[in-house]
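Have a look at the structure below, then the notes.
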Amino acid sequence: MSKTRVALVGAGFIADIHAESYHRFVPDAEVVAVYSRTESHARAFAERHGIPHWSTALDESVARDDYDVADICLPNHLHARMTIAAASAGKHVILEKPLCLTLDEADAMIAACKANNRKLMYAEELCFAPKYERVRQLVREGAIGSIYYMRQCEKHSGPHSDWFYDLDRSGGGALMDMGCHGFAWFRWMLGPEARPLTVYSTMQAGLIHPTRTRCEENALSIVEFQGGAVGIVENSWAKLGGMEDRVEVCGTGGVVYADLFMGNSALTYSEKGYGYAMEKAGSTQGWTFTTFEEAFNQGYPQELRHFIACVRDDTEPVTTGEDGRTVLEMLNAAYHSARIGQKVALPFRPTVSKPIDLWLGP
Amino acid sequence: MSKTRVALVGAGFIADIHAESYHRFVPDAEVVAVYSRTESHARAFAERHGIPHWSTALDESVARDDYDVADICLPNHLHARMTIAAASAGKHVILEKPLCLTLDEADAMIAACKANNRKLMYAEELCFAPKYERVRQLVREGAIGSIYYMRQCEKHSGPHSDWFYDLDRSGGGALMDMGCHGFAWFRWMLGPEARPLTVYSTMQAGLIHPTRTRCEENALSIVEFQGGAVGIVENSWAKLGGMEDRVEVCGTGGVVYADLFMGNSALTYSEKGYGYAMEKAGSTQGWTFTTFEEAFNQGYPQELRHFIACVRDDTEPVTTGEDGRTVLEMLNAAYHSARIGQKVALPFRPTVSKPIDLWLGP
Amino acid sequence: MSKTRVALVGAGFIADIHAESYHRFVPDAEVVAVYSRTESHARAFAERHGIPHWSTALDESVARDDYDVADICLPNHLHARMTIAAASAGKHVILEKPLCLTLDEADAMIAACKANNRKLMYAEELCFAPKYERVRQLVREGAIGSIYYMRQCEKHSGPHSDWFYDLDRSGGGALMDMGCHGFAWFRWMLGPEARPLTVYSTMQAGLIHPTRTRCEENALSIVEFQGGAVGIVENSWAKLGGMEDRVEVCGTGGVVYADLFMGNSALTYSEKGYGYAMEKAGSTQGWTFTTFEEAFNQGYPQELRHFIACVRDDTEPVTTGEDGRTVLEMLNAAYHSARIGQKVALPFRPTVSKPIDLWLGP
Amino acid sequence: MSKTRVALVGAGFIADIHAESYHRFVPDAEVVAVYSRTESHARAFAERHGIPHWSTALDESVARDDYDVADICLPNHLHARMTIAAASAGKHVILEKPLCLTLDEADAMIAACKANNRKLMYAEELCFAPKYERVRQLVREGAIGSIYYMRQCEKHSGPHSDWFYDLDRSGGGALMDMGCHGFAWFRWMLGPEARPLTVYSTMQAGLIHPTRTRCEENALSIVEFQGGAVGIVENSWAKLGGMEDRVEVCGTGGVVYADLFMGNSALTYSEKGYGYAMEKAGSTQGWTFTTFEEAFNQGYPQELRHFIACVRDDTEPVTTGEDGRTVLEMLNAAYHSARIGQKVALPFRPTVSKPIDLWLGP
């Protein structure tokens, strides 16, 4: 059986991780094309990863018939348009988080994929991160009884790309960027029967990027689930010292703690410094937590491999457009909550054009 | 100069820690009497610690003139009565947390000590825990810039004594018992200019003590402070595996993490188990985190030494009745918030007879 | 290009890891046969891993022409015979550690592979463990200056299979079993120019398996290298609490610490226990260090993938029969040293029939 | 009962720690005088610690009758002379490690104290470090069965004072300076019945202080004890990144790990740095391990308090001159071993004038 052909739509930080992950860990797929709106990015990316075709023509690209899967790694505001175009052109779609900017867009994306009988995977890598999956399995096994509390933190000192800081393209700040991970992961841990009931959030802006963005730089969000469990998500673009991604789970029969970055690292002291310690780490002089196989430990290869298998075997991805839509609804509720100082009940269907408007006002 | 004479009022878990702390680390004090409502407790305590006098007559005790300081380690509902009685009889008072059950009580206690020109110390040991004090000093030094986020967790599997679970005597559960630590510590970290503005809380009951108490067993509470900092306090009576007391502080120039129990421990694997690993630890077979000098590491000796010095030098304690009152106000706001699902603004002066009524209804 | 066909020769603990590693991470290989001297093992193994052919006829197996690579996972005393047979029959050979029992065997194995123009890989997975490889790369980058000290520990409570404890089949105990890892890894870290000059070792027996074996259960071995670096290897079959594999490296410009098991784990407290925490862990009640992707983190898939690539591309493996031979020479020197209480200079060519005879006497 | 009067003989790094420890934790003692050969040191020290008398007349000082205890914190080559002078003048002596430079000196010191009926304490603070004492107690309790292996590391980037690097005044390098801790601590852990039988050592010089000293900068030393236990001591003056002091203990029923510095610290990331992280730490920018109560955690106050109690109660210290003598004998054996490449049996009585001569030649 021949390889499944993938086009990477986007050539930024996360597209690099996807390309590397396909290459090293997804033997049934081959990346045949890369698209970027910036010619130099597209060309350099194609060269770096040995991809035969590159182009800046995002919209026309979907008309080509030389690939099967569109892997969309674009800024958030382009997610809906590209997903719908790709699905309409008969491509399966795997899409980086968050799903899109509005619930209307979400519904249209899901409908387009359904109408064209194409698969839509919402790429939540935390559902594939092997350490977190180990945690989930032992919880499923009953190791810690019934979950009543979860915490998921994802914090760093701010994204590399400009578009994250531009609320029209991103739709929001640290919560929009990373809160989606925690919200999705809680649902993955609790299973589908545990609907999110309410969301409360508090947000802070102007911490270390005051001139660069009006977006929230730090957010604490509490979710209450049917069945009684509570989850707290902590997200920051103002946390110095490198990437933080960790979880705590408390149950009636025990607890589990897991840390994806510091918790998998070698501990290094270097007088003169070295090339790279971890994502968003600053200086490498002095003590650093040196990570390894970051993409693997975060679950990217496993996620992509899963989707390629879904496409080849015609099965449903474990994280679908509907999951992405629910997460987006929770994000909206969080922004609204941060404005009104109250927890917000779900379902919640605001009419704003991007989530952060619910906090800042349109 | 002769030693300052202390009477321990109470003979439970925390009184034991105080007695040991005076003995080993406060050479200017001597414990001359112990009071407990239960005769066997009082007698055994006096024998265990070599205290010359013991009695069950709590109220009469304050009339005796053979001591200078009443160190009150009683259940919460007795705090106000005993403090007022002791101060009126000319004793200086140091009082275990929380201050009392109502703001009226708090005001009366503060007034009684003022009227009698007696010192009242609110014994918040986290303001003296040496690792946390190290953290505070380096923050003061500017090591991490301006604080925008703090987290303090205190969690275990539930207190030893029955009265904690009886909401009429305790006034509340895990938050009342331990949330006071985080609330006080945030204020200590930020300094007096940073008034608490709002409190939000979410609570859970019936987790692992469903037949023993209606009190909250798990609580997450978010405090917003003047100046923009946010603190989250996490408290649990349902966290298995031993005591947890840790903090995270994020500032615009860095972060600090500190852990008082696991973070000071030796790591032990014992096939057959041994006597004691840490407060509220379960079995000592398998892996355990073996703590040492728990009282010292939590700040009890330093706290008591500070108060004895205040009495001897006629200076003000760093944590006063007013501090305890503010913390109590925050606790009240947290319970009310948990009921209404909104953050509650301070000042907040409810008229209930105990904080948990604001959540459960009277 | 079709897949490279592999026969697993052996069906024990390590063969399981190899089979899983090929299946999940080495797409260019397929395991087509498994051999074990025990019929039930061979059959069950084949079923478990979906391998089409199984047999108990180890020696005849090499005459079959339906595979290209013999992956030898047998007890140590069978390594030489099977390697020579396989190479003579035209198979490439990858061989689990240690290389064999005597230097004569080693020379014959290397010669047989050379004579038949077959590749021989000495499967030292620590040279592929991704965390250790990260350490090696940063050392190569100059992060910690010149290495002057290394420590590598591999310790657990003893192997599962009986043959390890039988010195005629194993050739030695904890050092023979696991000291080979440290010796090989030091050479990998320092590079080929740093020849091992001397070995000193001290050994202990009768610790927790006194009735099961006369082999050493604990060994400390110090190696001096040309250029001045020193390495210490610590190995144990008497270390309770699960697998330990960790390294420390000190250089003139810094240090690195890395831990493959505890240092990659989630930390779990389980009242009732659960299925599996890590290799050789005991009970899973109480606190445990829950590992994930153990084979990947130890480097097995990467090692096998490397050898398959060597076979397909006709390149030399990074760890060859010669490397295994040098490690065996160091093991011999260690046993001799433990007997005489002196460091033993290399080259060292004893005439015993197995290394442990140098310590215990033949 | 009046306070016991102490004279500090020496005004360097360790004398500062002693002075602070007496002041904060030893209420029964008062430091009444300080002696230093350097006038400015003596004066500044006295001012810093509020000590009423200072002087540069070391030898004359012992004739004064205004103190009871001489606490000797001088360079190693002065230990014997000052101890003998102080004891002869009727002072009790507590002496910083190592005991002295030769076994003849040791015997004379012990004899002088005996003859004058004065107490001599060998100040090994690791026997009082509270975390290590906790470890010792649980081992005594049987938590880990019979000890068969111990490891103690003390490593940093080199002492502050010049005399350490001058082998005539120090008698040796990293091993002389810090190996004494491990040797003493092993004996403390195993109890008096476990005599040290042999010592093996390997040493390295010229690592990061090649122009400053000929002393060994890194040493690994293995001790075999009667009863079969083995201990390894690792010492370095070439370990960057701050002080390391940690232990591992393996028994037939379990293991314990303890770390006095990193293992008691807060973890800090500071962009701009701060004043002090830990002993011998370098820059405080980036990640650091921030220690607290270093003297207390290393056992200095407890050690001094113990000796003052011994003096007041006329009891024997737990670590005596004889203990210091045995450690010195082990140090001698280690240096000799490093020269000859063999383990050296005890008793061992060389005739050199300082231990390092056994390695370097006189």
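Residue numbering begins at 1 within each chain, and the chains themselves are lettered A, B, C and D in the order written.
Please note the rule applied: a residue touches a chain if its C-beta (ideal position, glycine included) is under 8 Å from a C-beta of that chain, and two chains touch if they have at least 3 such contacts.
Note that this is a predicted model, so its numbers are computed, not measured.
K.L.:
What pair in A-B, B-C or C-D shares over half of its contact pairs, by residue number, with A-D?
P.N.:
B-C
K.L.:
Would the interface of subunit C with subunit D count as same or different, where same needs over half of all numbers used to appear in both copies?
P.N.:
Over half of the interface numbering overlaps between copies: same.
K.L.:
Would you mind reporting the rotation angle for the C-alpha fit of subunit A onto subunit B, rounded to the nearest 5 degrees?
P.N.:
Resulting rotation angle: about 180 degrees.
K.L.:
Please identify the chain with the largest separation between its CA centroid and the CA centroid of subunit B.
P.N.:
C
K.L.:
From the mean C-alpha coordinate of subunit A to that of subunit C, what's the distance rounded to whole Å?
P.N.:
39
K.L.:
Would you give the residues of subunit B that are in contact with at least 2 other chains, written as numbers and ranges?
P.N.:
240-241, 253-255, 269, 271
K.L.:
Given which chains touch which, is the overall layout a line, a ring, a star, complete, or other?
P.N.:
The chain contacts form a complete graph, every chain touching every other.
K.L.:
Quick one: which bits of subunit D touch subunit A in the complex? Just the residue numbers, please.
P.N.:
Against subunit A, subunit D makes touches at 240-241, 269, 271, 282-283, 285-289.
K.L.:
Please output the residues of subunit A touching subunit C within their complex, sorted ascending.
P.N.:
For this pair, the touching residues of subunit A are 25, 27-28, 130-131, 133-135, 138, 141-145, 253-258, 263-275, 284, 290-293, 296.
K.L.:
Could you pull out which subunit B residues touch subunit A in their complex?
P.N.:
Its residues touching subunit A are 148-149, 155, 198, 200, 202, 204, 207-208, 218, 220, 222, 224, 228, 230, 232, 236, 238-241, 250, 252-255, 341-343.
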